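Sharing a structure here in structure tokens format.
First chain written, first letter: the chains are A, B, C, D and E, and each begins at residue 1.
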Amino acid sequence: MPIIDNAVYVDGVRTANPPSLEETFETLRDRKGIAWIGMYRPNRDELQAVADEFGLHPLAVEDALKGHQRAKLEKYGDVLFLVLRPARYLDAAERVEFGEVHVFMGHDFAITVRHAEAPDLGRVRKRLEQNPELLALGTEAILYAVLDEVVDGYAPVIAGLQNDIDEIEDQLFGGAAEVSKRIYELEREVMAFQRAAAPLVDIVQSLERGFEKYNVHVELQRSLRDVLDHAIRTADRAEGFRTLLQNLLVTSATLVTEKQNDEMRRLSETSLSQGEQVKRISSWAAILFAPSLITGIYGMNFRFMPELDWPLGYPLALLLMALLSGGLYRAFKKRGWL
Amino acid sequence: MPIIDNAVYVDGVRTANPPSLEETFETLRDRKGIAWIGMYRPNRDELQAVADEFGLHPLAVEDALKGHQRAKLEKYGDVLFLVLRPARYLDAAERVEFGEVHVFMGHDFAITVRHAEAPDLGRVRKRLEQNPELLALGTEAILYAVLDEVVDGYAPVIAGLQNDIDEIEDQLFGGAAEVSKRIYELEREVMAFQRAAAPLVDIVQSLERGFEKYNVHVELQRSLRDVLDHAIRTADRAEGFRTLLQNLLVTSATLVTEKQNDEMRRLSETSLSQGEQVKRISSWAAILFAPSLITGIYGMNFRFMPELDWPLGYPLALLLMALLSGGLYRAFKKRGWL
Amino acid sequence: MPIIDNAVYVDGVRTANPPSLEETFETLRDRKGIAWIGMYRPNRDELQAVADEFGLHPLAVEDALKGHQRAKLEKYGDVLFLVLRPARYLDAAERVEFGEVHVFMGHDFAITVRHAEAPDLGRVRKRLEQNPELLALGTEAILYAVLDEVVDGYAPVIAGLQNDIDEIEDQLFGGAAEVSKRIYELEREVMAFQRAAAPLVDIVQSLERGFEKYNVHVELQRSLRDVLDHAIRTADRAEGFRTLLQNLLVTSATLVTEKQNDEMRRLSETSLSQGEQVKRISSWAAILFAPSLITGIYGMNFRFMPELDWPLGYPLALLLMALLSGGLYRAFKKRGWL
Amino acid sequence: MPIIDNAVYVDGVRTANPPSLEETFETLRDRKGIAWIGMYRPNRDELQAVADEFGLHPLAVEDALKGHQRAKLEKYGDVLFLVLRPARYLDAAERVEFGEVHVFMGHDFAITVRHAEAPDLGRVRKRLEQNPELLALGTEAILYAVLDEVVDGYAPVIAGLQNDIDEIEDQLFGGAAEVSKRIYELEREVMAFQRAAAPLVDIVQSLERGFEKYNVHVELQRSLRDVLDHAIRTADRAEGFRTLLQNLLVTSATLVTEKQNDEMRRLSETSLSQGEQVKRISSWAAILFAPSLITGIYGMNFRFMPELDWPLGYPLALLLMALLSGGLYRAFKKRGWL
Amino acid sequence: MPIIDNAVYVDGVRTANPPSLEETFETLRDRKGIAWIGMYRPNRDELQAVADEFGLHPLAVEDALKGHQRAKLEKYGDVLFLVLRPARYLDAAERVEFGEVHVFMGHDFAITVRHAEAPDLGRVRKRLEQNPELLALGTEAILYAVLDEVVDGYAPVIAGLQNDIDEIEDQLFGGAAEVSKRIYELEREVMAFQRAAAPLVDIVQSLERGFEKYNVHVELQRSLRDVLDHAIRTADRAEGFRTLLQNLLVTSATLVTEKQNDEMRRLSETSLSQGEQVKRISSWAAILFAPSLITGIYGMNFRFMPELDWPLGYPLALLLMALLSGGLYRAFKKRGWL
């Protein structure tokens, strides 16, 4: 059953739970109270039945059926049509999930149509039933209470977003420069949240003017201003998040380049130290190879090589080798190659 | 023939299909109805003929002939001149294609001039002829229905753009950092779309005020507000796309630099491991070369080389070579060069 | 002579070409028509003579003499003072060149002062003289016609800028990433153009209100609205160019970095392949060098080397060399070094 | 005790220090003065007691209890509710620390509720008690004095932020390009400060209108304008800081890349000079190795090698070696390899 | 003496140079003229003396004493208090230097307080004394003349800034990409200049409304509009400079990266050519080393080596060496290694 609750209130007190819409309508006329019908994802026929009883405008009914509306406030004759986008934060996925609730408010009736689990309108109804003086102020009290529920529901979203921005800051400045994807996606969520929440400032201000014009009880006006206060705070914070995330994106790009500098410095040093090694290795190769040339010379088989017949030829050759290598060693050492 | 359809309606019902403009004009006077003439790319003479009959202003006629107008609403005496830019999305090319339609609306006539296939004004006419009560409200109903058709046509463009932005996100975060061209070009398309669609918010609001001032039927006023709602949603979404694409461009730049870091890290490691190889190879060269020096020495042909005559000279020389190489091996191993 | 043309019109028809300013003034009084004096770069005395005749305000005269004014509209008593900045596009240099024209408009006179070749006021005068009904509407017709000429002259500038932006896009995405200078300079030109053209929207709207207030003929009001339409289009396009060029600048930066990635990848691969070569060359060196060690050993001259006396010593030594080299070859092959 | 001070003033002079709220209330009625009660972090019961005496609105009381309000001004009947966010700068941590103060102002009472040490309301009270003529102007004087204290407290914050921005400039342009974290965090602090301070401009302007409407003494109006002047200056400076820090962030990114260029140039030069070394070393290797080939040839044991029997064979071989090496040396020198 | 000049004017003509303030005050009453007192950095007592005579408001006096005010216009009863920030450009340092001047203007007196050398109020006074008709229009003429002097003084600042921007463009596009510090600092100067100059637009517009309301002579109104024109032009140019400098900063970043690409390309090519050298050197090493292996073989001392006894053994061995080296040469040539 798409009709979740259906009650008639007189002076703020629940006086009837009519089993059908027809009886609701009848009771309403008899007792001069107000009716509040709560629906959940009604189909066309179900909503049309309510629309027929209360004279809801086809265009508003169309919107309420199709869903996926932007937050807005429209007036059809004496009936207000309000679309709200409640939100909650899925911290694990870093996503904002949106609900949708529509309110039709006439002089003596309020019809609330939910398209998602959120917001908890049962809680709203309970709150009002526990405050008969508030509910006795008219259907505007229901409108206010639904708005208050939705706007209060934005606070945990703001807190969750703030928390993730803090995490991103820690991640970014803690060395993990590659957070641009997370920043981008979080800003996209903030933008979607702004689309849901920011219009409420105008909507509530517009309702305020209406409440003043139609002399709605001053206490309801003040309560609505309290909702406005929270709506403004929400919009301000979300706007601030946008700027922070933009700055984080630019900072992240800079930090990525700073990291690149570190990498490049490491590369430079590696390269430089390789150059040193090549020098050192080549020097040692020369020191080792120079005596080889001498052994090669005295290994030649010429018949007439006087040194070969010198009694001290061999030790002199060894000495020559040692002198050659020693000389090279000292020369390379002097040039700083070893 | 540039005149596509030409009908006279009385109380919302088609009562005549005059074969010529003159007869349309006559029938109109006789029956006190409204005429709706649909044209497609008329040339100067054809449009001038209509203009002469209905007293259209030369400047508006000039605009309608030249085309390439911005979306706008102008008033010439009692005649409204409306320029609309319908759009459709070419998904393969990722381009928004624009049409152009002009509407002249007087008290008892509506002239629609199309410059492109879109929008399907035949469908608009059919819809109105099936709703005689709506059409009976006057030529404003035709204006509304054309606007509704054009604005509803923006929804698939929004969906197509959203879809391509999603694709770009997947592409970008899926590793293909080089999507800046695609981002740039899509934003250019969104900008062109905004030029077509965003002025509709002001135009429809201006029409709303006119409808209120001239007491157009309240149902038409509400229908127009529904168009406004869709126009605002379109403008909001397009604006949001701009921001998303800007963010994607910055994010893409950052990811390109991140990729560069990966590349540079790879280069650093290659460079480092080359350094290692050079060390290892040089060490092995030294181990191999050291015995060579000994073979060189004992290959020399000096007459007086006592070792050569030792019975154990040869095995001792081999041992010396092994010890030399082994010593170098252990020294290099200790220094971590092998 | 700085006075280019000097005529008196009655009912839109040229009735006199007074040879001097004094006679213009006289004729004007006699025939109750309107005078239109066109000047080109007058010096102080020349302009002062006109100012004295028609009571032009010294501050406006000062502006008209100095030139280099911003586009503006000022009222001195009954005299309007209008400064316009016509523009043309120098495609080869990608520069916008600005002219400057001043209009003093009183009830029965219009004085146009040009400071540059553009705009072609002769053409404006010809157009009006061919439309006596238009000119008969008063000096406001001259004001309108000059505005129309200037604003129409902006269209080729817009087209030229669009064309160069298209070229930059092609250049940028065609591989030549280094176009940032061109982008910067073109945006600077667009900014200068905006400074000339954008104020026209306010100026023309302000004139519109004046025309309405002083009951200028409705056809002139409509013509002025047509100028406004073009002025708005010009301002819109120029603003759009700014955004496109900004995006191009960012995209260009990204593409430069992408190019750097390609360069770095090439460097990485070069580096990697050098490492491969070093490995291969070293391996071949070892394969060649290993037999050398054996030849060295058997080239030693020890008296007691049993292998030297073996009948198969030599072939066995060759075999040992082959085995050693072959073994190294297979070992290196297995490790992927060859 | 959360009640810090509790006094009744008549004609600006302290006339009573009632020991309890009830007596305050009584004294107030008797002497027709004004009461000023200062509280510090009251709990619900304590604040409720005051609220009951002075008829404070539950929603305002709720805000005052919960704290963490945005700066705002609200009117409940004849009572103004003002939330202020004083600030001070912690220079070591480069953080802005915020306090919170709430003011309830009625015709004959002012209740100030502090949630933090700052601001020093004792000083404010002392200042007013020393200016009885000012305090005699009514409770608006207290409102003014609290505002003045808070806004004057912003000046050192502005000075501290300016000082740190100067430091960052010196750091950045002094070579330490890696300051992006500091820039980001300082901008975040400036944003938080703007959230506290910027709303004061609207709040004070709104109070100004109220003071004018209710004929508050002209001197108080002028004093309030002085507060407004400081509030505007504060907001202007903070906005300017935002822009400077944004520019610093971009400049820092550029400087990081410039540093990278230096690094890369160093790497290039290292690489180039390594190439030179390799060339030189290889050349020397060739010069050394070439004679080795000759020693190898004449070390071969062929029976028929005529050169070996030449009397000058050995010196000729040495000459050949010297010529070969010398030739190579000259050849390499010519090619610039040595 | 802080009082620089002190004169009483009747009908625009200097009629008295009172030696003291008291006499000024007296003369003023007697002759019904206007007093103009010029001061330079007065101390509290000196300014207070003037304030007492002319009834200046303590808050305005406080501002005038403290200095460092933002440009603003305030009204205290019948007295206007105007703060102006004249500026001049220090081209060598590329800095804008600011002065500060305060004007108190009553019905019959003007007090000008300078806090810096600029502006040259002596010149202003001389100009007015040479235009008695202007000065005869009242103290508003003095206000106008000071404003005109200050605003005209902005023109050289604009010219200097433009000139430095041109220099930066030349520097940037002339190859010296590292100009980000200069750009940043110039934009900071432009921002400071905007803070001084931009408020003048609102201030002069506000004065315009006042002049109109109080029927100040129409010529003074027109003169003030001329000041407004210059103020707007100044503000427009400064705003344009901001955008140009922002673009230059981004362009500079891009050019730095482009330079990096050049550097990297050079590095790539160096690296590549080093790879080539290594290949060539290794090839030559192989060509040289291969014959060594043969000399080694035939240098072995095996008793049974048939080739050694061949009469053609030696020339065959040389041939083998030549063939081996020649074969390697051809093989390497074919592979492009030589």
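Points worth noting:
Everything that follows uses one rule, which is that a contact is a pair of C-beta atoms (placed from the backbone, for glycine too) under 8 Å apart; a residue touches a chain by one contact, two chains touch by 3 or more.
If you want to know which protein each chain is, UniProt gives these names: A, B, C, D, E = Magnesium transporter CorA.
Remember, predicted model here, so these are calculated numbers, not experimental data.
The minimal number of chain-to-chain contact steps leading from subunit A to subunit E is 2.
Under the contact definition, subunit B and subunit D share the contacting chains A. Different-residue interface: subunit A and subunit B share under half of the residue numbers found at their contact. Note: Cα superposition of subunit A onto subunit D, rotation of 70 degrees, nearest 5.
Once the centre of each chain is set as its mean CA position, subunit A and subunit C turn out to be 38 Å apart. If you average the Cα atoms of subunit B and of subunit C, the two centres end up 24 Å apart.
Within subunit E, residues 250, 253, 257, 260, 264, 267, 271, 274, 278, 285, 289, 292, 296, 299-301, 305 each touch two or more of the remaining chains. Chain contacts here close into one cycle, and each chain has exactly two touching partners. Starting at subunit A and stepping first to subunit B, the touching chains follow one another round the ring as A, B, C, E, D. Every residue of subunit E that touches subunit C in the complex is listed here, in rising order: 173, 218, 222-223, 225-226, 229, 232-233, 236, 240, 243-244, 247-248, 250-251, 253-255, 257-258, 260-261, 264-265, 267-268, 271-272, 274-275, 278-279, 282, 285-286, 289-290, 292-293, 296-297, 299-305. Touching subunit C in their complex are the following residues of subunit B: 57, 59, 63, 70, 72, 74, 76-77, 177-178, 180-181, 183-184, 187-188, 191, 195, 246, 249-250, 252-253, 256-257, 259-260, 263-264, 266-267, 270-271, 273-274, 277-278, 281, 284-285, 288-289, 291-292, 295-296, 298-301, 305, 307-314, 317-318, 321.
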